[in-house]
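Contents: one structure, followed by commentary.
Chain lettering (A, B, C and D) follows the sequence in which the chains are written, and residue indices restart at 1 in each chain.
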C-alpha cells in the first residue's frame, strides 16, 4: 500500500481518563484507504526529549469524514505530548504502515486486547462486521479504570471483560475468562494485541486448541517503514521487521 | 541556474546529497515519498560476504536528539544482493553505492570482488567502522595499520570508486584519514556512529541487547563537523560528511567544513523526504548567497 | 533512612552528587538558589599555576541538546586561589575539590603542591583532558604514557585524594583508565568534553573564536555512559561519572554503569537547583526500589 | 542582589508587529526589587532546538502589580517560542541578573537604543524620572516598522527617532540625528543598548565629546549568573563576565 506523509488536523481530543485520550485527526483532502492492524508514525513536535516519531495503531477510520482516530495511552514524553494536542493543532503522520489482520476463513472470531493494545481491535471489529462477521471482544485491564472505549466495542459485537481486581467483568486475566473455555471449540480465529505476556498466553492457548491466532506486536521502532531494521521479531524465517512484515504475525510464525 | 554537480574524484554526482548506509534500505522504502533519482547518490545497507541475521532485539534506544542502534549488519549477503537486489535497483537513476562490511580482510576482498562485477554500481563505501559487530568492523578503523591493510587489500581488487568510511571512535581521525588516502581511497566518508550505551533506570538493565550501540543524529553533529574539518585539512581526496544532518543548514555546515558531498542518515526516519528538501535547499542557498556552483561551498569556511 | 554516603577510596562523601569543574564557579554563584552544603562535593574551576585569561570571545555555541565551550581555563592562578578564594570557600560544609590543569608536567606538580598545603581541600581532580588549550591539557589524556607521566609526577607531591579526569577523545578509554590507576590515581572521573565544532552557515564562519570547543550536555550522555561502563570494568578504584546528567534518572544510570559518584555540569546553567534535586531524587529512588544504601546502585546494572 | 528562580505566569502577550512582542509576567507572590539594566534568564520550554536559557532585559517593572515586562524580538527558535507564550502559560525565570545602569551625576541624559536594545531603556527611563531626571530618548531602526513601543517612551520624556529609510524621524543612523550635534554640549551622560556597531559609534562619539557613556552588551551566555565564564567582554582589566560584571559597562572600560 502506498505510504503518505501528511499534516492532519486535530479535530477532537477526548480524554477518557488520566492516561488515555482518543484523538480524532482529519485528513486535509481525500484520505487514502487504510486496513485494520496498520499503524501511523506520529511526529511529536515540541518535545525536547522526543526525537523519533511514535508508532500508534489506527483505532478507527471514517472514510466519509476523512478522519481517523488514535487511542493513545500516555506512558512517556511522546505520548503525553500527543495527549496535549488541541483542536486545530497539526499532527504530522507517515501512514498507513505495516501489514494488517487477515479476514478469518470461518465466522467465529475472538478479539483479545489489553491496555492500549485494544486500539487496533476496534477498527478490525468494524472491518469484520462490514464483512459479515460478528466479532466478540475480550478486553482485560488491571482495574475498571483501565477498561476504556467500551461503548464503541459493544456496538460492534459481544463484549467480555476481565479485571485483575474484579472491579469489572470476570476477575483475573483475559485467559481466565469463561469465554475461553466455553467457546473455544467454536472459535475459528483469535486476534490479539496488548502486553507481550498476555499475547503469549493467548497464543499458547490458541495453539493448544488448534485455533489460528494473529498477534500484533509493539516492538520499538525508529522509522516504521522498513528503513532501519531496528524493529525485528524473531520468526521461523529469522529476523523480520515488525513494521513491514508485521505488526501482525501468525503466532505460530513467531519464535515465542 | 545553480550548478549542483559535484566531482567526487572523477565520479560525478548530480548533487552533493546522498543517503547514509543502513538508514535508507535499498531506496525502495522511500519511493512513495519522493523521486529518489533526484539524489546525488544512495548508499545501500551494509553488505557482507555471507548472510547475517544481525543482533537480537532490542536494537534501538532513543537518546537526547539522537538514537543508538545495534542492528549489526543484518543483510542477505553480497551474492543475494548481486542476484536479487542489484537487478531491481540498478536503474534507479542515481548512483547506487554499496556499503561493504566484513569481519576479516578476506571477506572484504571477496565482497568487493563481487560488487566490482556489477556494472551499474559506481563505487563502494568500505565500512571499517561498524561498532555493532563482534569481530572486525570498527576494529579495522581504529588503528592506522589495520585500516591501511584492509584498504590496500580491497584497492587491489576493486577498480571503481573506493570510498572509505571512518570511525569517530578514535583519538586522531586526521591520521587515519591520511593513512587510508595513502592506501588508495578515492574518497573518505565520515562519521560512522559513536559507541554509546543506554540503561533503563527502572529495570536496571541495558536497553540494547548488545549493551552498547552506535550513536547517530543531531547529538553527534558538533563532533562530526569537527572531524570532517580535521580530515579535510589532512587529505586531498574528497570528503563525504555526515553525522546528524537534519536540514539544509546542517548540510551547508558540513560542506563549509570541507565536505564535497554529504550523507543523511537518521533524519530519514523522521522526515522521509528530508533529502529531497536538502537538494532544493542547497540550490536556494547558493542562489541567495551568490554561489553559481554548489561546489564553491566546499571548505569555504572563513577562519 | 536511606544511607546516601559514598566511600570514595577512603574519602567519605555525604552523597554521590558533585558539581563538575567549570560549571559551578566556586559555588558562590549558587548560594542564592540552595544550600550547597547539601552536596557530596563541589569541584571548583580549572586552576592553573599562573593566571590565565582564557580564550577570546565567543566561547560558547549552543548545539542540539548540548553546548560547545571554549573557555580555556580562565582563572587567576593557584596562588591567588590559595590566598583569596580558599579562605572564603573552605568552610562551605561540603568537600571542595580543586580541578588542577596545566600545560607542562612541571606546572601540574607545582599547582598540586600548593593545593596539597590547603588543609580543607580533601582532593584534587587532575584535568588531563581539557580540549580548549593549545598546549598540554587534552594531549596528556590521550595517550597512556603521557597520562601515566603526569599522574605519577603529581602522585609524588600530592598526598590527599587524587582524582584523575579522563578525556573521551580517545580510541580506548579503558586502557587509559587502567594506566592512570596504575600510576596512582585514587579515583577516576570521566568524561571531560568531546571535541566539537560549530559553524554559522549565514556568515560562513566558525562560531567559536577557537574554531573547535568542548561538547557537553545530554547529547553526550550515551557516550559518557558507555565510557563509564568500560572503565568500571577495567579498574578497581572508584569512578566519578559525568556527561549530560540533567536529572535523577540520568544520575542513576551512571551509578548503575559503575560510577560511585557523579558530577553535574552543564545542567547547572539551566536549573541552578538541579544538584539539590538529584540528592533528593536519589534518596527517593532508593526508598521506592528497596535499596537501603545508595552505594548499592554502583555497577548494579544487570547484564 | 539576591537571585531567584521562579515560575512567572504570562498574563499578557501583546504583539507589536511580525517580530516583536511584549510579554507581561506576573510573580506568584511578592516580586523582589530589580534594577534597570538587569536581565532575566528565560527557560524556553518545548523547544527541541533550544537547550540553554535565553537572556532578556527587564523592559519594565510594576512592583504593585508584581509584574514585569519583557520586550522580545523573535530572531530564532528560542525567542519565537517566547513569542508564542499565551496568557496563563508558565515562564520560568532566573532573575534578576547582572549589574545595572548608574544614575547620572547631572541631569541631562540621553538614552540611545536600536532594535531589541531599546528594551532596558524604558525601565531606566522610568527610574530616571523617579529620580527627578528628565530622560531624552533617541531610538533608531531600519524602517518605521522597527520603531516600537514609542508611546511608552514618549510618556517618560522627549523622544527622537531615526530610520535608515527616512520613513520615520530623521533619515539615517542614530548618530546622524541633530540631537547629537545640537545638544551634545549639554548632555552629561549617555546610556546605549542595541547592535554593537551602533553602540560603538555612540561610545566613540561620547568619548570625543567627553560624555560619560554606559553601554549594555548582549554577549552570548550559557548561564547568565557567573558560573560558566562564556560571556566575557574584553576590558581594561582583562576578561570580565558580561552577566555579572555587566551587562552594563562604562564604554571607556571596554577594549573597543
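As a convention for this text, a contact is a pair of C-beta atoms (placed from the backbone, for glycine too) under 8 Å apart; a residue touches a chain by one contact, two chains touch by 3 or more.
Here the structure is a predicted model, which means the values were calculated and not measured.
> What is the graph distance from chain A to chain D, where chains are linked when they touch?
1
> List the centre-to-centre spacing of chain B and chain D in whole Å, with centres computed as mean CA coordinates.
Chain centroid spacing, chain B to chain D, equals 47 Å.
> For chain C versus chain D, what separation do you get between their C-alpha means, in angstrom?
36
> Going by the touch rule set out above, which residues of chain B reach two or more other chains?
In chain B, the residues touching two or more other chains are 63-66, 217-218.
> In chain A, which residues are in touch with two or more of the other chains?
Each of 48, 50-51 in chain A touches at least two other chains.
> Using the definition of touching given at the top, classify the network of chains in this structure as line, ring, star, complete or other.
Drawn as a graph, the chains make one closed cycle, so a ring.
> Check the chains against each other and report every pair that touches.
All touching pairs, sorted by chain label, are A-B, A-D, B-C, C-D.
> So in the complex, which bits of chain D are touching chain A?
45-48, 50-51
> Would you mind writing out the residues of chain B in touch with chain C in their complex?
Chain B residues touching chain C: 61, 63-66, 68, 142-143, 169-172, 194-199, 201, 203-206, 211-212, 215, 217-223, 225-226, 229, 244, 249, 252-253, 256-257, 285, 300-303.
> Could you list, by residue number, the parts of chain D that touch chain C in their complex?
Those residues of chain D that touch chain C are 2-5, 43, 48-53, 94, 219-234, 238-239.
> Using the touch definition from the top, list the residues of chain B that touch chain A in their complex.
22-25, 29-30, 32-33, 45, 53-54, 56-60, 62-67, 69, 71, 74, 217-218, 266, 268-273
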